[in-house]
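Each chain carries a letter (A, B, C and D) given by its place in the written order, and its residues are counted from 1.
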Amino acid sequence: MDKIINREALVGELNKKFGQCAEIFEDNTNQSIKVKPDKLVDIMLELRDNPNYDFKVLMNLNSVDYPENFTVVYHLNSLTHLHKLTVKVELDKADPQVPSITSVWKAANVQEREAYDLMGIVFTGHPNLKRILLVDEFVGHPLRKDFKLQA
Amino acid sequence: MEKSFFNTIADALRNWLMNGLGFSDTAAQLTATAIWTLVVILFILMNLIVLVWLERKFSAFFQQRRGPNRLGPAGFLQFPVDIVKVLGKEDIIPANADKTVFKIASTCLFITTILAWAVIPLGDGVILADLNIGLFYFLAIGSTATVSLMMGGFSSNNKYSLIGGMRTVAQMISYEIPMIFSLLGVVMMVGSLRLSDVVAAQQNMWFIVPQAIAFLVYFVATVAETNRGPFDLAEGEQELVAGYFTEYSGIRYAIWMIAEYGNLVAVSTIASIMFLGGWNAPFGLTFIPGFVWLLLKIYFMIFLFMWVKWTYPRIRIDHLMHFGWKFLIPVSLANILVTGIGIYVYRLIIG
Amino acid sequence: MLKTQELTLNLGPHHPSTHGVFRCVLNLEGEYIQKAVNHLGYLHRGIEKLAESRTYTQFIPYNGRLDYVAGMLNEWTYVHAVEKLMGITEEIPERAQYIRVILGELQRLASHAIYIASMALDVAGATAWFYGFRDRDEILDLLEMVSGQRLMPNYMRIGGVAADLPEGFIEKCQALIDEFPNRIAEQEGILIGNEIFQARVKNVGPISKEMALDYGLTGPNLRASGVDTDLRRDEPYGIYDRFDFKVPVGEKGDTFDRVLVRIEEMKESVKIVKKALRDIPEGPVMAKVPKVIKPPVGEVYSRIENAKGHLGFHIVSDGSTKPYRLRIYSPCFVNIGIFPEMAKGIHLMDAVVALASLDIVLGEIDR
Amino acid sequence: MYGQGLIKGLRITLKHFFEKKITQQYPEERPNLPERFKGSLTLNVPKCIACGLCSNACPNHVIKIESQKDENNKKKLTGYKVMLERCLFCGFCVEACPTKALEWTKEFELTKFYREDVNLDLFKGYVPSPDDDKPAKPENEDTAQAS
């Protein structure tokens, strides 16, 4: 099974360092934290570079269209400690904007473009935020729940 | 014996033209030459039919497949049928192509191939023009083939063709040199550029024995000269789709193929003549005519070409250049030096 | 006035060596690449959106359409994710676990055989290509025997596998697995040991350890760069903790290392299948799961070691019969992101080889 | 020594040159298909109880079932269509069938000249009248044959 990181300590240290930006997110996986979008890049850098966490790998970058908000989900993995962490950022339904973390992991580049393409989340500071899978003229973002499917 | 046989036919033809039809001497000579040219073209085409079939069969056998086997015995008639198909295809000329050059490029290559065949003997005395500079003529004509490949590459208005054409020029010019140098050793030993003299000098020993290195250099250089794998960079289908003939279709494409296979047969024939004793029969098996021996040797060479092509991956262009200039040319030059010393020592001993 | 200019070359989408409909715009200086830009999406089918209108069981066949040369592994990833979401990973019957390992490793062999084969074709070694596809075809025959299909098996089920192994499978599989080391040796003889091939692939497109982690490479590509990681060993799923196998790791991370790592991995896979065939117990192949799969509300991110890298499924369940959101982390999609970086400054011929060495499958990239 | 690999490669290809060839001569030599092969679909009509489970199991909704209630208030099949052009060949329908009426055949040459011909009409046209108490008989003998 996955190794569980001590989230209380992690959140405490993050909050101490960057000021009330992270909190524990309760779900069934027991490895999620929720952070505020404006401090995201700093937190990710800390998570990557601090040897206590050492999250060298961005496993997955996902975006979910919940009824109340858009959530961008970052799955992190550490090759040395073999523990995992899920970082969630909740975004406003009307104007989903989140800072890009391409400067932290280049792996985020294509995944953020995909999230922009299919979910319509704007990653500010992304070097090349264009549609990646769909054509440039495409209207709408298919993975949103309000996207009308045509047979 | 054989010489008389073919010469008798030629003489009979000339006599018949002059006496029977009342041609003048020059006219009879010209007509006989024209007929010979037709025979050569026919020979190339016949070879082509066999070669395309062989190439497909051999590649299939190397790959544990069966190859063509539907039309005719063992699929032998597949190629004639393909030719008919190709003739029926639309002749597509790309927009903005240099139309004139595009049209004549493939024919130019075919012409050089046929011209090269003028001095290649297919048996004792079976030759169109037994020039005293036969080998020189062959090499000189062979190097003009580069121009037509470049024409095809440049005129197609296609980036892949352009890169393919550029690669061809670089490659063929580089590999011309070791090819010529490798043949020089043989020429030095014979003391003549006439191909029939070269064959005559191999009565007792084939030149592959004293000139083994030259044979290897020649083999590698000709693989590059004929644009066959592992040196088929000009076509380079993995990155250049089909190289200089990407845009060709129908009969023009077929002419490229005919010329390429014609070149392949030509260089194989030269190899057989220069190194494998030409129409001399080995082990005293003289009851088989020399013409057949020569054909066997040619096809042995072609088998070698195909074997290599269907085993090796393609070499990279810079490695190709390094290999040509830094390895093959020094080796062939050293071979010339050793041959020269050898001849000098031999003369010193014999007196 | 003479002047020079950069040549813009469209590599693809219909090009022999882009392994599908991948398009790359190259800026060439001579034949050296100055800049490469990826263009994806020619095969986009919206499988993630499709999943939202299919039940959990009904989505299984679509996995074969992702990475169509390793369908069995994809299905395994998906059913493993759903099982994890439902919390029934421990209830899968022994026999089903062994069947999954056998078929998964066979599929990995098939996928790597294709990798070696297409690598050979991209350096114009057509004969080695045929040998690779011959080996792969024999594996596919086995998969067909089990599942009825060669590429899209639809054999894994949530809670086990669809049916027991057919009669005669064990013997046939044993025969093939005993023969397979010879096949690998043949590929090593005709391709890997060939000096021309080595000259073509050595020092081409090297990826350093840091760069590989930064760009999120996974699987054999990451291991070739010298990162010692394998999910089968580090986070054993299924019954992989019972198998003892080496994890081959490269040194330089160049194309040759990527090929070698896969060749070594094939040898290890053969060992795993051999042991699994020896140890496979009798018994049921399906756990007791409800007919209608209704996972509890929640989410799961589960990944397993696919042939191309870590294939991950992030499934968000709202307690209904259909996934609320299903995200496929596709290894090829992320791996291809490094190609523009790799291609910078190398020769056009090398770019084709470097692209092939990433082992991309467009069905998975574009989803 | 440099060149060893080259010679080894030549040896391997030469060995295969004289080996037995492995290509299947397809139209004459039929492939030996396994028992579970998923080719075309066949319906054993008398067994079918028109329950609709196959239609429900299908991810792409390619199966259309028409049925009528007979005098005993039992469902009777009046039409069974498979839009094979959208079929994934996943086999969920065959697995779902409670009476094993729907089965795979080993027929794999499914290409047709016209697109409409691809779709299967496994059962059609037979509308049982109230006074007809004989079991439903397939009209299209060759496609609906019980295997």
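One rule holds for everything that comes next: contacts are C-beta pairs under 8 Å (C-beta built on N, C-alpha and C of every residue); 3 or more make two chains touch, one makes a residue touch a chain.
All of these numbers come straight from a predicted model, not from anything done at the bench.
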If you check the contacts of chain A and chain C, which chains show up for both?
none
Chain centres computed over CA atoms; the one at greatest distance from chain D is chain B
Mind having a look at which chain is the central one, using mean CA positions?
C
Please state whether B-D or B-C has more C-beta contact pairs across its interface.
B-C
Rounded Å distance between chain B and chain D, as computed from the means of their C-alpha atoms:
55
Which whole number of Å gives the spacing of the CA centres of chain A and chain B?
64
For chain B versus chain C, what separation do you get between their C-alpha means, in angstrom?
46
Give me the residue numbers in chain C that touch at least two other chains, ranges are fine.
127, 134, 190-191, 194, 196-197
Among chain D residues, those touching two or more other chains are 6, 9, 12-13, 22
Going by the touch rule set out above, which residues of chain A reach two or more other chains?
none
Every touching chain pair, please?
A-C, B-C, B-D, C-D
Which residues of chain C touch chain A once you look at their complex with the stated criterion?
40-41, 44, 46, 48-49, 53, 213-216, 227, 229, 234-235, 296-301, 303, 310, 312, 314, 316, 324-325, 327, 329, 333-334, 336-338, 366-367
Residue positions on chain D within touch of chain B in the complex are 6, 9-10, 12-14, 16-19, 21-23, 25
In the complex formed with chain C, which residues of chain D make contact?
2-6, 8-9, 11-13, 22, 33-38, 57-59, 88-92, 95, 104
Touching residues (chain side chain A, partner chain C) in the complex
2, 27-29, 56-60, 62, 64-65, 73, 75, 79, 82, 86, 105-111, 114, 118, 131-135, 142-143, 147, 149
Chain C to chain D touching residues, read off their complex:
54, 57-62, 127, 134, 144-149, 152, 154, 162-163, 166, 186, 189-191, 193-198
